[in-house]
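Please go over the structures that come below.
Each of the next two complexes has chain A plus one more chain, namely chain B in the first and chain C in the second.
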Partner chain A sequence: MYYLANGLPIGAIYALVALGYSLIYASAGVLNWSQGDMVMLGAYIGYSLHRLLGLNYVLSLLISMLVVACVGMLVERTVLHSLRKRSSPSINVVIGTLGVAIICRNVALAIWGPDAQPFPSPVGSTPINIGNLRVLPQDILIVALGVALMLLLQYFLKYTREGKALRAVAQDRMAASLMGVDVGKADMLAFAASAAMGAAAGILIAPLFFVTFNMGAGIGLKGFVAAVVGGLGNIPGAIAGGFFLGLIESLASGKISSGYRDAIAFSVLIMVLWLKPSGLFSRTTKETV
Partner chain B sequence: MLELVDVSARYNGTQVLHGVSLTVEPGKITTIIGANGAGKTTTLKCIMGILRPFQGRILWHGRDMTLLGTREIVKSGITMVPEGRHVFPYMSVSENLDMGAYLRQDKDGVKQDRDWVYELFPVLKTRRRQAAGTLSGGEQQMLAVGRALMSAPDILLMDEPSMGLAPMLVDEVFQVICRIKEMGKTVLLVEQNAVKALDVADKGYVLELGTTVLSGTGSELLNNPDVERAYLGV
Partner chain C sequence: MKSHKLTSSLKGLHKWVLIAVVLSIPFVVTNLYYLHLINLIGIYSLVVIGLNILSGYTGQVSMGQAGFFAVGTYTSALLMMKLQAPFWVATVMAAIVAAIFGVVIAIPALRLTGPYLVMATVGFGEIIRLVLVNWVPVTKGAAGLTGIPAPSFFGFTVFSERSFFYLIYAVVALGILVAVRISRSKIGRTFMAIREDELAAESMGVPTNIYKVAAFAIGAAYAGVAGSIFGSFSGVASPDGFTFDDSVGFLCMSVIGGNRSIFGALIGSITLTLLSELLRFMQSYRLIVYGAILLLTAIFMPQGLSGLGPILREFLSRRKRDKKSYDDVQCSQRKGR
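And then the complex of A and B:
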């Protein structure tokens, strides 16, 4: 129970980041290595709005998601779209997103400086007791807002016209364009939604750590692992993979050794991939978005 | 009327179409027959704006469509049932039909067309909640046709709709094509099954190595000795 409570918040963060990887992989068929840096940008923009300008936390989160979504669309236009038009192999696009990641870090370093910035939780740091569990209010906030955003994304994909079009592009790009779907716009939408999910993860996790210009590297990698464990391109799988990774980490550091947390967690993940190469949560019908 | 005038196209530098010219009369079934690799699918791709010809013109009701994108072409009343069905596998039958009507605003018209599609293919109605990827090949073909009809097209391009189907289902597909014509729609049909295609077609074209080498009414081509030797397997 303790490990569950401990693993859920970080799991929700991984899930949000993983969703970004899977959404873009499913629709555009590429890996976006700038996803982790969308987390970092989200955290910094949230920091500026909330800490420096004194804006309300939730409002800062929403504005930051919006701004970073625009960055995501810009990445789609400058990297994916323009390289695709020259019919570059998709590895070039992947390198392009890696370039974006490095540019983001550099720009963040120039704007916000090299020092780690503290971001106190808007709901305080006094643990509250639930039964015999002591949890931080920020942890509850992370899980609540994180899950709300995941549900919102699911609703968007399932029930809105543009969301359905995005799923159609993910399932059969050529057929989607034959229906009159603007596949370029769908790609932009996928990048925007992914970046927004990353940004939300950034502001939600900021109060647990400091905000730094290279915080995206670690979180980005963990989110990617969660996406692969859930089955890359699989939306429910990304969510499940994120929570799974969070729980494994929590168990590893609690039951064995916190110093070896990552080593143990990743050993388990490698074993998972031995046993189920297509991802732990892939169904037999290979359900995607 | 849909008109192709001297259309030439290539893939990455390899020329595949060498001046295709053909006319599709409204309300009629026109068929293109030809050997594997003759360029039938490529011709349809050019009409749909999936591939841009480097030469020639495509006219639809006299309007030059050659440089338009697929979205604009679909909006203008042209639609295609692609080779190999290409249904959205993880969407339900009913969601697939919704995608067919993606560009339409007229809710009532969409509802009417959906009822009509369900009447044309009763099996789709009974399976409307089932994921399209779990349908049989024949059912997927019906869905692909139904989905195309949901855009309320004036002309339907069909690329080998009978491919891979059991003989009984093949007959059913051709009956459906005739019914679509009876609804007043125009059909451009690409088929391997030349006998059946020419049988239902008002007009046919023979495509060889990327050029239209022969044309005539369906029965003219059926009785043409060259066509017989090359395509009717006699």
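And then the complex of A and C:
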């Protein structure tokens, strides 16, 4: 129970970031390596709005998500769109978005400086006792808001016109474009939604850790792990993968050793990939002649 | 005819001129810091040559190359420090141990493609680093190893930047030679067949799994040798030098230089190492510009810098051809009259 309570909040964060990777992979078929830095940007923008301008937490969350979504769209227009026009190999998308990540990280460094900024939790930091568990209120907020955002994304994908277009593109890009779906717009939307999810993750996790310019690297990598474990391009898989990874980490650091926590997480990942080469939660189809 | 002979002998001359230029570098570049950078470029290019064989030729993208690099460094350093092994034995062992690790990661990687493969290699690199941090009795943990002995051959110790230069570039030359031989052999052609269409290669009777494992082992062995030299070169080794960012750096060198060419590895390591030095005057904006250049290269040079070569050559030959055909036309017109 203790490990569950510990693993859920961080799992929710990973799930939000993993959703970003999966959504972009589903629609555009590429890896966006700047996803982690969207988390960082979200945290910083939220920090500026909340701490420096004194806006309330939820409002700064929403504005920050909006701003970072615009950054995401910009990344799609500048990187993916120009690479697609030249039909470059997909590794170039990785390098290109990596360039974006380096730019974002250092722009943030130039604006907000190298010091880690504290971001106090809006719900206080006195633990609440539930049964015999002591839980931080921020943990509850993370899980609640995280799940709410995931449901919102599901609603958007299932019931709105744009969401349906996105799913159509994910299923068959060619067919969707022949049926009159604006494929470029769907890509932009995927990038925007992913960036917004990342930003939300950033603001949610900020009160647990400090806000730093290179916080994106670690969270981005873990989100990627979660997305791969769940099966890239699989939305429910990404969510499940996020929580799965959170629990594994919590168990590993509690039961074995916190130094080896990440090593264990990665070993589990390689094991999962060995047994199920396209993730735990996706149906595998082996390509044959 | 005569001109053809001349150009071919010129080509032969090129090679000797190149060798002479390379050999004279330590005498021309007297600034020790620059020489240090040039040495580092040599070490990096060894890693990137291996990566190009693995990801450029065979199509297996690895983002864990720093892991093999670390295995090489620690294997050779520990052999030299604990068992007093000579440098060349330690280096050969570093290559072998790294290759074994390459085989180990290749086995789960055999069934993986695209992002899944990337993830597995990232995971591998991180596991290696975390083990180095946590296995304190052997690796001294985060503090790392210090006092890694300098290489010595027949009583002659390689210690100065200048002598390291000759050692490193001798190994680089050997590495290039071997890599070019591999890429032009049956093995190299099989690697490319796997990259282009693994399924087709398999159905033509190519044992793709064995070749993929071999590609991982070769790529890892190159990184292992580079790591061994790096350890003795810097005298210290700590897990901080083998992070995910370093793996990504190697991949950038490979892609920017052009990963389908052996010389692309050299071009990539030279370009990115010099670039990050040249931008130093911009101070805090350095990495912003660095990122932007990375981004622009990825967009506008899909084949990397070495991809520019054929384009340039074609452009030049087309101009020559155009001129020639123009002359021909003039000639025939004159005849017609």
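By definition in this document, the second predicted complex is superposed on the first by the 282 of 289 C-alpha atoms of A that agree within 3 Å, B and C clash if a C-alpha of one lies under 4 Å from a C-alpha of the other, contacts with A are read in each partner's own complex, and residues count from 1 in each chain.
To be clear about the criterion, contacts are C-beta pairs under 8 Å (C-beta built on N, C-alpha and C of every residue); 3 or more make two chains touch, one makes a residue touch a chain.
Quick caveat: nothing in here was measured; it's all calculated off a predicted structure.
S.K.: Looking at A:178 after the superposition, I want to know if it touches chain B, chain C, both of them or none. Which is it: first, second, both, neither?
M.R.: Once the two structures are laid over each other on A, A:178 reaches chain B alone.
S.K.: With the two structures laid over each other on chain A, which partner does A:164 touch: chain B (first), chain C (second), both, or neither?
M.R.: A:164 sits against chain B, while chain C stays out of touch.
S.K.: Taking the superposition on A as described, I'd like to know which of chain B and chain C A:31 touches: first, second, both or neither.
M.R.: It touches chain C, and chain B stays clear.
S.K.: Chain A residues in contact: does chain B have more, or chain C?
M.R.: Answer, by number of touched residues of chain A: C.
S.K.: Check the residue A:92 against both partner chains and state whether it touches chain B (first), chain C (second), both, or neither.
M.R.: A:92: touches chain C, not chain B.
S.K.: Which residues of chain A are in contact with chain B in one complex and with chain C in the other?
M.R.: Common interface on chain A, chain B vs chain C: 287-289.
S.K.: Within their complex, state which residues of chain C touch chain A.
M.R.: 55, 61, 107-108, 111-116, 118-120, 122-124, 126-127, 130-131, 133-134, 199, 203, 244-245, 248, 251-252, 255-256, 259, 284-288, 290-300, 302
S.K.: Residue numbers of chain B touching chain A in their complex, please.
M.R.: Spelled out, the residues of chain B in touch with chain A are 48, 50, 70-71, 74-75, 79-80, 82, 86-91, 95, 98-100, 102-103, 131, 133-134, 147, 151.
S.K.: Quick check: in the complex, which residue numbers of chain A touch chain B?
M.R.: 161, 164-165, 167-168, 171-172, 174-182, 285, 287-289
S.K.: Sort out for me which residues of chain A touch chain C in the complex.
M.R.: Where chain A meets chain C, its residues are 25, 31, 78-79, 82-83, 86, 88-96, 98-103, 105-107, 109-110, 217, 221, 224-225, 228, 232, 257, 259-260, 262-263, 266-267, 269-271, 273-274, 277-279, 287-289.
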